[in-house]
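Contents: one structure, followed by commentary.
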Amino acid sequence: MRVQYLIPGPMSKGPLGRGEMERRAALLQSWAFAGTTVDVVDVPEGPASIESVYEEMLAIPETLAGVARAERDGYDAVIIGCFGDPGLDGAREIVAMPVIGPGQCSMLLAAELGHRFSVITVMESIVAPIAHQAAKAGLHGKLASVRSAEIPVLELMKDRDATMRRMIEVGRDVVKRDRADAIVLGCMTMSFLNVADELAAELGVPVINAGKAALKAAESLVSQGLAHSKRAYPIPPKLRTTPQEVVA
Amino acid sequence: MRVQYLIPGPMSKGPLGRGEMERRAALLQSWAFAGTTVDVVDVPEGPASIESVYEEMLAIPETLAGVARAERDGYDAVIIGCFGDPGLDGAREIVAMPVIGPGQCSMLLAAELGHRFSVITVMESIVAPIAHQAAKAGLHGKLASVRSAEIPVLELMKDRDATMRRMIEVGRDVVKRDRADAIVLGCMTMSFLNVADELAAELGVPVINAGKAALKAAESLVSQGLAHSKRAYPIPPKLRTTPQEVVA
Amino acid sequence: MRVQYLIPGPMSKGPLGRGEMERRAALLQSWAFAGTTVDVVDVPEGPASIESVYEEMLAIPETLAGVARAERDGYDAVIIGCFGDPGLDGAREIVAMPVIGPGQCSMLLAAELGHRFSVITVMESIVAPIAHQAAKAGLHGKLASVRSAEIPVLELMKDRDATMRRMIEVGRDVVKRDRADAIVLGCMTMSFLNVADELAAELGVPVINAGKAALKAAESLVSQGLAHSKRAYPIPPKLRTTPQEVVA
Amino acid sequence: MRVQYLIPGPMSKGPLGRGEMERRAALLQSWAFAGTTVDVVDVPEGPASIESVYEEMLAIPETLAGVARAERDGYDAVIIGCFGDPGLDGAREIVAMPVIGPGQCSMLLAAELGHRFSVITVMESIVAPIAHQAAKAGLHGKLASVRSAEIPVLELMKDRDATMRRMIEVGRDVVKRDRADAIVLGCMTMSFLNVADELAAELGVPVINAGKAALKAAESLVSQGLAHSKRAYPIPPKLRTTPQEVVA
Amino acid sequence: MRVQYLIPGPMSKGPLGRGEMERRAALLQSWAFAGTTVDVVDVPEGPASIESVYEEMLAIPETLAGVARAERDGYDAVIIGCFGDPGLDGAREIVAMPVIGPGQCSMLLAAELGHRFSVITVMESIVAPIAHQAAKAGLHGKLASVRSAEIPVLELMKDRDATMRRMIEVGRDVVKRDRADAIVLGCMTMSFLNVADELAAELGVPVINAGKAALKAAESLVSQGLAHSKRAYPIPPKLRTTPQEVVA
Amino acid sequence: MRVQYLIPGPMSKGPLGRGEMERRAALLQSWAFAGTTVDVVDVPEGPASIESVYEEMLAIPETLAGVARAERDGYDAVIIGCFGDPGLDGAREIVAMPVIGPGQCSMLLAAELGHRFSVITVMESIVAPIAHQAAKAGLHGKLASVRSAEIPVLELMKDRDATMRRMIEVGRDVVKRDRADAIVLGCMTMSFLNVADELAAELGVPVINAGKAALKAAESLVSQGLAHSKRAYPIPPKLRTTPQEVVA
């Protein structure tokens, strides 16, 4: 199967550049089941990183176009490469293949691994949006907390050791104070640091790499022949070529 | 005070046209308290109407630009003229004045008028999004139902009598079957039909005109010197000119 | 429009006296929109202040009589001047005009301003009742906390500086520990100290003056031609002059 | 032990009269454990029956006085003889002995007997208040429905057969349509018809007589040496003779 | 009436032995209403104590057999003598008499005594299971916390003073930090220490002895002629001797 | 990787027999990713099928033994082959590898595919237990309904056409009346009919085969190096060989 990992920002033009896209592609490919091909694609325009609802919103129209393009290009599934799942519900309306949101699917995975999970993210400015995301996924009752490391996205990779130290510190806090028994890394750049296993060993609880979780969710759905419900995400009325039965 | 009613689509270029914008401006002005001036402004580009999450998302970047422009132009508050509140949280991040979402504020108003409210909207395709909106407003426990009249936005004004008959039919249903004791008109074009009072008389429960409710919410906030919490909607980190205290 | 602010206790006979009623009337009038007249009226008997459910209950029968009288006297709306909203649901059953509860309406307003609000009140003895009030308003999911300053109602005005210091201290606590992003002043005497703006500046979050919020809610409803749902608050069967249609 | 069943209305002066009080006392005594004495007492003034929040509120001050009197008279527990539990929280503030609300305790009992319970009451006008009562008792998730037989309290005993037919009809409805697996009789006069067992046999689900349930709750608490938490229902500050430790 | 207290483990063969069973029988009998006979019975095989879900599950088949035997032996009700209520729902399916779970009934009792209760139990390993139990009982909204004393079941009785000191320490914590206003002792061996009253005096909140609460619940149900709903706990289809009406 | 599908009943000795186990093994193998080997194993004793909580409970001890054996035998993950997930939490306590519950994981999958899902199961007697299962998985807010086809497990395969007709009928009902936008087949024998795709085509919503979903969940976890949280499912204290750090 062919899975596209779509970055909802112009990473190739930014500081991380095409090299980072290739690094992520190699990681994703190394995580894939035999028979899966993963391509990493970015969009031509948009914010350099997403650390606010405002930036997430600006990234959406290009992301929606990218998702539609991926389906036309024959991909079996697309992953929206941002933990905030920008454009997820709209994208599901306009295509038939599975559209994976790393935030949604890694929180649902966390819900399977324990009783209460926490999300560790980059900045305080997206703590409340992630809590809303968990609630929309139906997981309000399983969310122990969302806490931020207070490291901007574009700083995360600059000093890996400092980043790890800070993540361990926040991780200990969510386990001890918030009684989390599983942790989700709530940022894709954080996930692509590929330190989830190291953190898990340190903290004594499972730590979910949202990139890996998203890939597995894509492979799982495609392999089951499932996609998102068109009754939940109907084709926008004005785009319909044939009239849909009205849901009485 | 000066309130801008910002239509998140290019209405002046569409079938309803500038005439409809003027009609809405006149209605809003007629509902305003003495001392309030209301202007109706649209955005240069975007979908002709919003009947899906996809269209809502496409409308957002221009809406955000419009909100920022309104603040620069000295408005005291802006109303985002679509029941789905497109761009609401992002807009609140980038300005300091109140940004009113007609959906959010009319559902909160409904919560004050009775025990359980229903929303009547245009199309089945936005029923689930409105339910999510109610949940995000914290009102899941007071929402009796969301039901659609199955009349496209741009058809609503074509046959006022047919529209009224259908709205009364759906209204009776939500009162009897869903036990709603208050109703919100879940579409701005529906609200600007200005039939809420007639419907209320017919159905025996309060019916909220979301346009009127939004104007009153704007006037109420400005008059109290209140705006949305900058701790809830912080300035996006990259737009900050002075470092913000980190929320520990 | 004419709005009555009905104090559910015999303030004119108590230590605060008629002077305080006049001071409140002047404040309310200064907050009103042009065209609104506000009168402050007390009831002939009842507790000197309300710091328990017991006292709230004792205050209710006179309050209900006062609300009925206000309607007969031609008022367009009545505000029950106690944060606990004593008698609210019963009052709405016996009149057709809007009856405003400052507690209910200021918590709904707080729900619009941010993601999580806290209420700061006078005494521990009414912390649980206010939490129940928030739940009944449907806002359980948005309530961060209720905390008390532990200053009796009748002491609040004696040392304004000490009161302010204590409110700032509790306010810092709810922002930091409970992660509130908006605050409601949960006592009318506290609200009429008229310090909400000063507190907001100090704490960095919106602070709602429940008296101002109640007046704006009254003006907003009257101006929209709305009142509480008679299906939610039906006329008591024994008071009906014409048989009501049974809700099947 | 001595239990007082306190009727929150002047039944002895009303149409049911002292004879009905004696009939209820005899029933209660017949339900009691050996060693329990039950007295039925009414209050001197108040509404003839309670079919609205308004009437419930009017009944409360006399009820509170009655509860305080019962404690002074040496009773071990008092039952407030109305399903709406008028004055419950206030009464618990002013006495140390258990104060039983038949509504609260019979809904908690129903929660033990099955997964979902319904309440059958007299009039539509108290359906919403009973739903609020269930929510306040923490049982929102177990309440299947509240439905009314639409028979006024004072009519219930006039035609026992017609009343039974109507209750069976509503009972079948809640079992089949609302999937209730237990039923609470939501009115004391309905409970004192003493038909719960007959209804249970007819409907195939347990039916709770709220009067019997209240008596058993009182006996159970007294026998365990338990009463309501004074931290939950603190003595009103102004009534305290010794300063209470502040709950930090 | 005859009540059986069924211990879901082979206590007579374990370190506590038959002497402890007799001690518990004497306590239960001393708590009973006149006319109640309580027998304490254990099962032939199973774990020595229950401190995990695993051990609870191993104890269930023998417990189910014991419950069926108790009904055949003519008991009016059975109490499953473990706070985790092992086998409760299955047992209710196979008998018609009341089956009491001390965990479920003491948490419902706590819900009546205050606004928020905490459970104090033996080991961290059953904290999450007890929280699930509270949620299943419908009481999620009233549970303040579950905290463990970190004393294994079989150690509880070895140093009564140390046990008391630790329980007081944890008790102070749940009152102060978790704002509990009532406490449930979440382990039967803890309950049979018979220290609830002493703890209550120390902590200033009601403390529920789960053994006493279970006995009172049994007596209360039998005395009311009530048992668990057979619609909620239907006879397993393969055990039915006559076809049951299908619930449509 | 090696996955064991463990049937919690003695299927090889029952009417379906070893042939059915081989058929299921072949299906599972056909659904697997390259590199996965699936074995189907049953337990030596227990109920012939599980249609009640009672039977589920009887099946658990052998299932727990089977899970422990599977780990000793070197499997990478085990699937408990019953939709009710018998023994799930206990099994997770005693092994370190992933233990998959088809009920839990297919409901979490359904939560990803749409807004509201329904479960279609075999018998009314397990409708309430499945609803409790959904709630425990944290999905109460996304569960539209659980409905039964009223076909005993061992009848499902006898008349495939009749079974399909009944499932389509119930499926139409949950989509139309309960507004489900995704469906889970709530029984493993139902899932191994392998008709989910056919049903999905007929009903217009995704239909989840719980057996396929469980296999994919197992492969996904093993492939990510994840297993269930040992903090959520700690080793039972008495089984610990080294003392565990106490969770403070």
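Each chain gets a letter, A, B, C, D, E and F, in the order it is written, and its residues are counted from 1.
Everything that follows uses one rule, which is that contacts are C-beta pairs under 8 Å (C-beta built on N, C-alpha and C of every residue); 3 or more make two chains touch, one makes a residue touch a chain.
Nothing here was measured: the structure is a model prediction, and the numbers come from that model.
Contact tally for D-E versus E-F: the pair with more C-beta pairs in contact is D-E. Set against the Cα centre of chain D, the chain with the most distant centre is A.
With each centre defined as the average position of its C-alpha atoms, the distance from chain C to chain D rounds to 30 Å. Between chain A and chain D, the centres computed from C-alpha atoms are 52 Å apart. For chain D, residues that reach two or more other chains under the stated contact definition are 115, 128, 132, 140-141, 181, 232-233, 247.
Contact residues of chain E toward chain D in the complex are 31, 33-35, 104-105, 108-109, 111-116, 137-142, 175-176, 179, 181-182, 197, 204-206, 208-209, 212-213, 216-217, 219-220, 223-233, 245, 247-248.
Here chain D touches chain C in the complex through residues 47-49, 51-58, 60-61, 64, 87, 89-91, 93-94, 123-125, 128-129, 132, 135-136, 150, 152, 232-234, 236-239, 246-247, going by the rule given at the top.
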